[in-house]
Structures are given as structure tokens and as C-alpha cells.
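Below, subunit A partners subunit B and then partners subunit C, in two separate complexes.
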Partner chain A sequence: MSIVVVSSDSREKGREIAAKAAESLGYRYLGRELLETVARRHDVPREKLEEALDESPSLLGMSSKVRGRYLALVQMAALGELLGDDVVCHGLAAHLYVLGVSHVLRMRILADPEEEARRVADEKQVSLEKARKQVERRKKSSRKWSLDNYRIDESDPSHYDLVVSLSQLGADEAVKIVVQTLGYRKFEPMTYSVKCLRDAELAARVRVALVESFGTVEVRADGGRVVVETHALKREKRKKAENVKEVAGKVSGVDFVEVHVSTDVLRKAAESFR
Partner chain B sequence: MAIVTVSRGSYSRGKEVAEKVAARLDYTCVGREVILDASDRFNIPEVKLVRAIHDAPSILDRFSHGKQTYIAYMQCALARRARQDDMVYHGLAGHLLLKGVPHVLKVRIVRPLSERVADEMKRKGVGEREARSLILRDDEERRKWTQTLYGKDPWDASMYDLILRIHKLTVADAVDFICKAVGLEQFRATPEARRRIGDLSLACDVKAALVDQYFDVSVTSEFGNVLVFTKAGDRMAHKLEEKVKVLASEMEGIHNVEVHAGVPAPEDAV
Partner chain C sequence: MRGAPPESGEGGRERGWIGCMKTRNDSKETEMSEEINVLLLDDEPIVGKRLKPALAKIGCQVEVFEEPAKALERLDEKEFDIVVTDIRMDEIDGMQVLDHVRKKSSRTKVIMITGYAMMSLAREAMEKGAFDFIAKPFQPNDLRRVIAKAAEALGSSIDFESAAGHDA
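After this line comes the complex of A and B, so read on.
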């Protein structure tokens, strides 16, 4: 069976539609509740996971290394859950890392800006004008977040199979569209698409194993073969490659590790000034 | 019944979707016909109109205002056709030209660049690099066109009701979605929706009659009460008032007409 990944410019609307679609389809709803499990399992504060998912990197905010680790933990947990199929996922940024899997329906919901501003004005007891500005600011910040952390512009419609605007169409119609779309054969899991999802999940587990000790790493998996890309100074390249191989090799499901270490230009430049 | 506007990039298969939707719903499929209507009615060569809707305005256009004039003519022709409902329009900027009409379902069809490039290569017999550059140039031209004339990005998802990506979804799936959405209550041509399209068409008619001489006019109409806005000074505004009075006596459907000079035009003005 299939997977639906819902992204939205309004968290409330996205959650509402994802939950309703899960109910109509008889699927599991996978949302922010998963953060509780991640926090418990890895002994990290849940609020910090939320912060990593919501707030754009800033000078005074969370360090990029810590943010990278928290996002890697969320990604690993979400992909693990998605392997179970029959899931509607929302609020875990899955639209930015579940890529190239044909049985995943990627959908974006656009809330009616006026309705959204009215909701914010009611909730925060501010004027409608102020609420409109807040809604606009939140959209910009969310776009920036996706570009900073995943180098994908989440507001670009070409990243989705379909985009539904709620300005004219209602939430119930959006749910009907999801149900109808999943009826198409293209969204049936095939051997290849299931393998792609398994590869993504394995790569996420390897990344979690590596990210704490080695900082930013790019990981790709193909079957049990894992390719890791990282940076180091010229003199540290060999040692880093060996260490990465050792740590990644211990992750269950990994048969072979290939490491590509490129020169860390920034550190090299920093050292040349000493 | 509804009006459907299908916005698309080159080789996105949007025209095919529009034609199939029109065939299934027994609607009129309109694309180039709007250009022909405008060409006939305002006696402008078709090629000039095609250039006006395809190429982004140049620096010279910003002074001569030729493009705005041609677009006003085309909007006028499109609004006239839209008055009859049951229409699928797959030409440029339908979602912007028919703004404020409630029973318009605004659809955008997108397709992965790689597939569009492959189609361009096949059709024009060119290499991948050239095909890619042609498509990207075309996309950029359309982006500039919409941005210069309407201050909007055609890739901005919030302008559409439905965006469908032809990749995992086929043309037939897209047609299914659109036909089902058209059947929804909110896209039914209610008397109020018909009144709105009638008013839009009237405003477009007035603007088309004035734009040649007064390029900066904006027009609104509500229940046949027409408001003409201009940035011009008193002398020009006075001349405009005279011209508008003559128009009001010649044109059908105008109950009252007022000219407002030096006042910013409302957002829904054409």
C-alpha cells in the first residue's frame, strides 16, 4: 500500500487534512507525536527537536552541528515508520527527504491566506493587519528553513505531485483528491520503489551514526553498499576515511562502505592565517 | 457551468489536458482564438498580439505602452468569451486576466524539466544542451512577462486552485481531477458569478476603448456602474471625462460612469 506525504504553508491546515485523509483511507497518521518517541529513545529534549524543525538557522540560535544531529534523528525515525506503509505523514519535513520513491504521493496544501490571518488574529489576539504580516513572515521563514537545511525550496510546486489551494476548494475536497489519487496504480509500492525507501532509511541510520563524531556528512545507500561523502584537511583524510568506515560498517544492514573525503577548504583557509 | 484556465509551460502537456477536459465536459476549448478575436475586433495584426503575449516587455515598451494596449485588447476578447461559460482556456495568464471571477477553476500543469527537454529534442531535432537552454529561456521569458505586467511570479503556487505534475500522474489522471473539481458547488455559474463576469467584461470593454489614448487607466465595474481611474493631471482627466461620457452613450450596459483622477486604482481594477 502507499504513503502520503503532506506539506503545507499552514501547520494547522496540513495536520487537519493529513489526519482526515488518514481516517478516510484507514491509514496511520504520522505527525509531530513521533518526536516524543525520538526524544525518549535518544535522550534529547523534545522542545529542541521542535526548534530544529521550525526555526531557521541564526547566529544566536542552535548550532548547525546540533541542528544537523536533531534533524538526522527525526529523519531516521520518520523513514523507519514509513517503511511500514499505509501512512499519511505530516509535520516531519518528509517532503524534503523522501525523494524518488514512486509509491509516495507528495502533496502540498495551501491555506487560504485570509482565513489563516483571521485564525492567527483570533489565536494571538492581534489585529488582522498584524496577523497577515505574521502569516507572510512565517511562509518566508519556512521557505528559508527548507533551503538552509535541505537545499530545496519547499514552496516550488514542481516538487509535488499535486498542489491544492484551499482558497476555493474545501478541506473535504482536498481529502477526496488524496483518496482518489491513491487509487491510481502508479502509487502502488513496487519492488524498486520499496528498495529506494529502504535505501533512504539505511542512509539515514548511517548518517545518525556518523553525524555526532564527524559533523556534516552526505550518505547514499544502494542495497547494503553505502557511500559517505565528507570533508577533512589533507593530512587527516586517510584517518577520517578509516574512522568513518569503522563506524558506518557497524550499522546493521551495511555490507560495504565507500568513503570520499574532499579537502575542507574553510578549515584550510582558517589554518593558513595562523 | 464553470470556466477552467490552464496555465502551462512549453511541453508541459497542458494544452493536451485542456483539450481533453473540454472534450469530456463538452466545453469550448479556447487558446489562439482569443488572439484572433482581438485581432479582428481591434484590427491589429495577429503577429503583434502573439509577440505581446510571448515576449517580456522591453525597456522601449515601458515608454510606448504598446504591450499594455494589446493585452487590454486580449483581456477584452477573453472576457467576452468567458461570458458564455463552459470554457477551457489554455492561453497565457488566464488566471490573471479573469481575476475576481468566482467560478473560474485555476489550474497549472507542470512537468519535470528532463521530460520537457526530451520532447523539445525530439520535436526540433536539437541536442540536449540546446533544448534545455531553449526551454529555460522560454520559461524565463514567461516569468518576466508576468512579473513585469502583473508583479506576480507564474510559479507562485498561491495563484492557482490546483497544480498537477504530469509525471506520476498522467494526462488522463489530470483530466479526471479537473473534471471532478469543475462539478463542485463553488465553480457553478451562479447569477452572482455571471454578474461578476459581465461586469469584468464591461470594464475590459471600457478599458480597451480608452487604453490607446490613455495608457494608464484602470477600470472597475459593479452592476454596470463604471469607475475609471487615472494618474493623469486635471487637464488630461477632463479630456478623459469627455471621452468617457461619449463612450457611456455608445456602449450597452453602462448605467453610470465616473472618472477619478489622482486616486490609486483598487486591486480588482483591470
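After this line comes the complex of A and C, so read on.
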């Protein structure tokens, strides 16, 4: 009846515990396999979706517009799946966009740094010292990714209901803790929490509809009422608001659209230098 | 899951349960009742005014209160099937009402409604034994759907769909 979202500083450990927890709870496991469906449905390369999920924005990498669209597609698909309940989700960054939903247990797994370094050293055939540095680099990069794309520091424990250190507890013990924690009534779905999740899913669908044509947009939904925030040059504000309203209004489940367009100061500054 | 016949009350208190014989002890008056007894508490008069007829349509006998203290007094007199309470009120808040009901009756379903919904509050209410938690504003149908669920949990059934159809 609930949802577990697992995040970890080690993808391997996160996946292992998420899969074991799903098995133990009799829930569905939702992981990177979903990217195959997203790629097929929207005719985008799966490896590009992986890249958007794993690599921090850089000058030579994927453009922010393309990355924004790919992440929006993944978010929409993941939220759609989470509406089905009884799911353990890992590897789709759901801990950064499933926020404020009381029947979602958000868990952070901290891998044992030495064990991680040994695993990397074995896998990549490098020295333990080099492996330790790689593990540290990956943690920093992952934290930067979460801040760049969702403005949330994923390493901040206050974002989670449960933080388990594998330096102190084994994977099986971590799974037992998840099962036990889900026994608390506070993680049962209720009218309010189900509505929060539906609102997030509707906002994600509207965002996907808008992001290709309008670039960066912030979308919030409350019932069928949707609020969109975006930027435009002063002279384009009215037209943009009308266009956004038209596109968003066509998304199923949307009854009313409110658009806030603020002045795009960066574009304005760029134009004034021409 | 029907409950046992009502126990004799004390000092003229009445106890009712869904779909069963209801007894008033002092007067020895008995009556058959299929109605679901709902106590609705909200300090905004418009809420009770709007929801009372909406719940009556699905067979609920609704008593509306705007003052929490008076609602608590009534809860001491009678075991309701369902209590619907606002959370943020002066003097006594909805969480205190929930605690009060939980001490008096394990079978009464408590539905919390609030215009200040947030995750921590929702979790606290559920952990304290609320049956459900609804954010305001909501449509009467949203509450009726939850009331129907609560009635089902109490072993009764409500024709929620036909009432919803009437409103459509």
C-alpha cells in the first residue's frame, strides 16, 4: 500500500537493497529498466536518458534544454508508475522529485567507503588508493548533479525518513529495517498523500508538454489547476503566456491554467550587448 | 464486521452502531437505525452548512459543531460512528479531538480536514489513529468517498455512486 524510494551513494548497493526490499515486501521493483520504455515511447536513445541521469551539466556535454527534456520524460514515467502503489523505486532520481508525499518512505543507503573502494579496484583493475579517489569523486559529482538539476543536496540526511550506513549494518538488516518502518501507520496512503502524488504526476505531464517548445518551466498542480512559471523578454510575455496556456490546457486532467511569466534578464542583457 | 450489541451506557449516555439496534438506556427507548452517525466539527460555519446536506444524501445523520469544547461534551455523551474534524481551531485543536475520541472509542473513525495540510501533520494524524486526512479545499464528493470507505470499515455500506450521480 506504500512506496519506498531508495537513494544511495553507491548505485550497486542501492539497487541491491531496493531489489531485496521489493522482494521481501512483495512490491514491484522500479529501476533503470523503465528507461527502455521511456526511450521507446518517446523515440529517444536510452543511453542519452542514462547520460542525463548520471552526468553533471558541462560545457561540452548535453545541452541543458535536452537534459531538461530527458529528465522530464523520466520523471513523468516514474511518477506514473508510482501512482500504482506497492513499489520500491531506485535509480530514477525519484528522491529528488517525490517530495511531501507522506506514504512515500524515502531511504538513503550509505555504502561502506572501504568496501566500495575494494569493489571499484577489483572492477576497474586499479590500485586501492586510486579506487578510493574515484569513489570520492563519484560522490561529489552525484551531489553536484542533484544540486544542478533539482536544487536539492541529495547527501543531506534531512531529506530522508531513514538513513542506513552499511558500515554498521548489513544489507539484510537494512531490508528488515525498511519492512519494519513501513509498518508505521504514517506511511499508509491517505486521501491527501494520494492527491499530492497525483498532483506531482499531472505537473510532470504538463512539464513534458511544455519543455520542448518553451524550455525551462516550473509547474505545480493542485487538483486540475496548474500553475506554470517561465521567463520571456518583456515584449514576448503576453504571447508566451497565451501559448503556454494553450499547450498546458490540452493535457488530460488539466481544468485551469495560470501562467506567470517573469522577465528573462539574461536574454535582455545579452540583447543589450549586441 | 458488525460490532457486538451496544453495552448499557452510564448516566443516560447513548451508544449507537451502524445498522443495528440503538438503545437509549434511561428511557428504555429502542429504535432501529441504518443511519451512520457523524459528528462534524469545524469552526467555520460555512463548512458544516455545506457538508451536512451533502452527507445526509448518503444516509448520514450529521451533528454539526463549531465549538470544539461543545463537540467534546457531545462525544462524551454519544459514541459516533464517524467524526470529521478540522485541525486548526482555537483553544482545542483537531489533534486533541482525535486523542479524545481514541480514548473513548476504538471503533469510531476519525477523518481530519485542514487548510494547512503538510506531510508532517498528515503523518502525525495517521500515527495517532486518524482514519484519513483530507486537505481543504475539497469537493463534498471527496468527503463522501472517504465516509463511504469508513462506513465500509465499520461493516456498513453507503451507496456513494448514486449520491455522486445526483450531484453531477
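Keep in mind that, in the parts below, the second predicted complex is superposed on the first by the 274 of 274 C-alpha atoms of A that agree within 3 Å, B and C clash if a C-alpha of one lies under 4 Å from a C-alpha of the other, contacts with A are read in each partner's own complex, and residues count from 1 in each chain.
Just so we're on the same page, a contact is a pair of C-beta atoms (placed from the backbone, for glycine too) under 8 Å apart; a residue touches a chain by one contact, two chains touch by 3 or more.
Because the structure is a prediction, the values reported are computed rather than measured.
Peer 1: Between subunit B and subunit C, whom does A:102 touch in the aligned arrangement: first, second, both, or neither?
Peer 2: The answer is both, since A:102 touches subunit B and subunit C.
Peer 1: Please name the chain, subunit B or subunit C, that touches the greater number of residues in subunit A.
Peer 2: Partner with more touched residues of subunit A: B.
Peer 1: Check the residue A:173 against both partner chains and state whether it touches subunit B (first), subunit C (second), both, or neither.
Peer 2: first
Peer 1: For A:19, is the partner it touches subunit B (first), subunit C (second), both, or none of the two (neither)?
Peer 2: Touch partners of A:19: none, neither subunit B nor subunit C.
Peer 1: Check whether A:126 is in contact with subunit B, with subunit C, with both or with neither, and answer first, second, both or neither.
Peer 2: The answer is neither, since A:126 touches no partner chain.
Peer 1: Just checking: does A:185 make contact with subunit B only, subunit C only, both, or neither of them? Give me first, second, both or neither.
Peer 2: second
Peer 1: So, does A:164 touch the first partner subunit B, the second partner subunit C, both, or neither?
Peer 2: In the superposition, A:164 contacts subunit B only.
Peer 1: Both subunit B and subunit C contact which residues of subunit A?
Peer 2: Overlap of subunit B and subunit C footprints on subunit A: residues 102, 184, 186-187.
Peer 1: If you look only at subunit B, which of its residues touch subunit A in the complex?
Peer 2: Going by the criterion above, the answer is residues 105-106, 108, 110, 112, 155, 157-158, 160-165, 167-170, 173, 176-177, 180-181, 184, 186-187.
Peer 1: Mind listing the subunit A positions that touch subunit B in their complex?
Peer 2: 102, 105, 108, 110, 113, 155-158, 160-165, 167-170, 173, 176-177, 180-181, 184, 186-187
Peer 1: Hey, which residues of subunit C end up touching subunit A in the complex?
Peer 2: Those residues of subunit C that touch subunit A are 117-119, 122-124, 126-127, 129-130, 132-135, 142, 145-146.
Peer 1: Quick check on the complex: what are the subunit A residues that touch subunit C?
Peer 2: 100-102, 184-188, 190-193, 195-196
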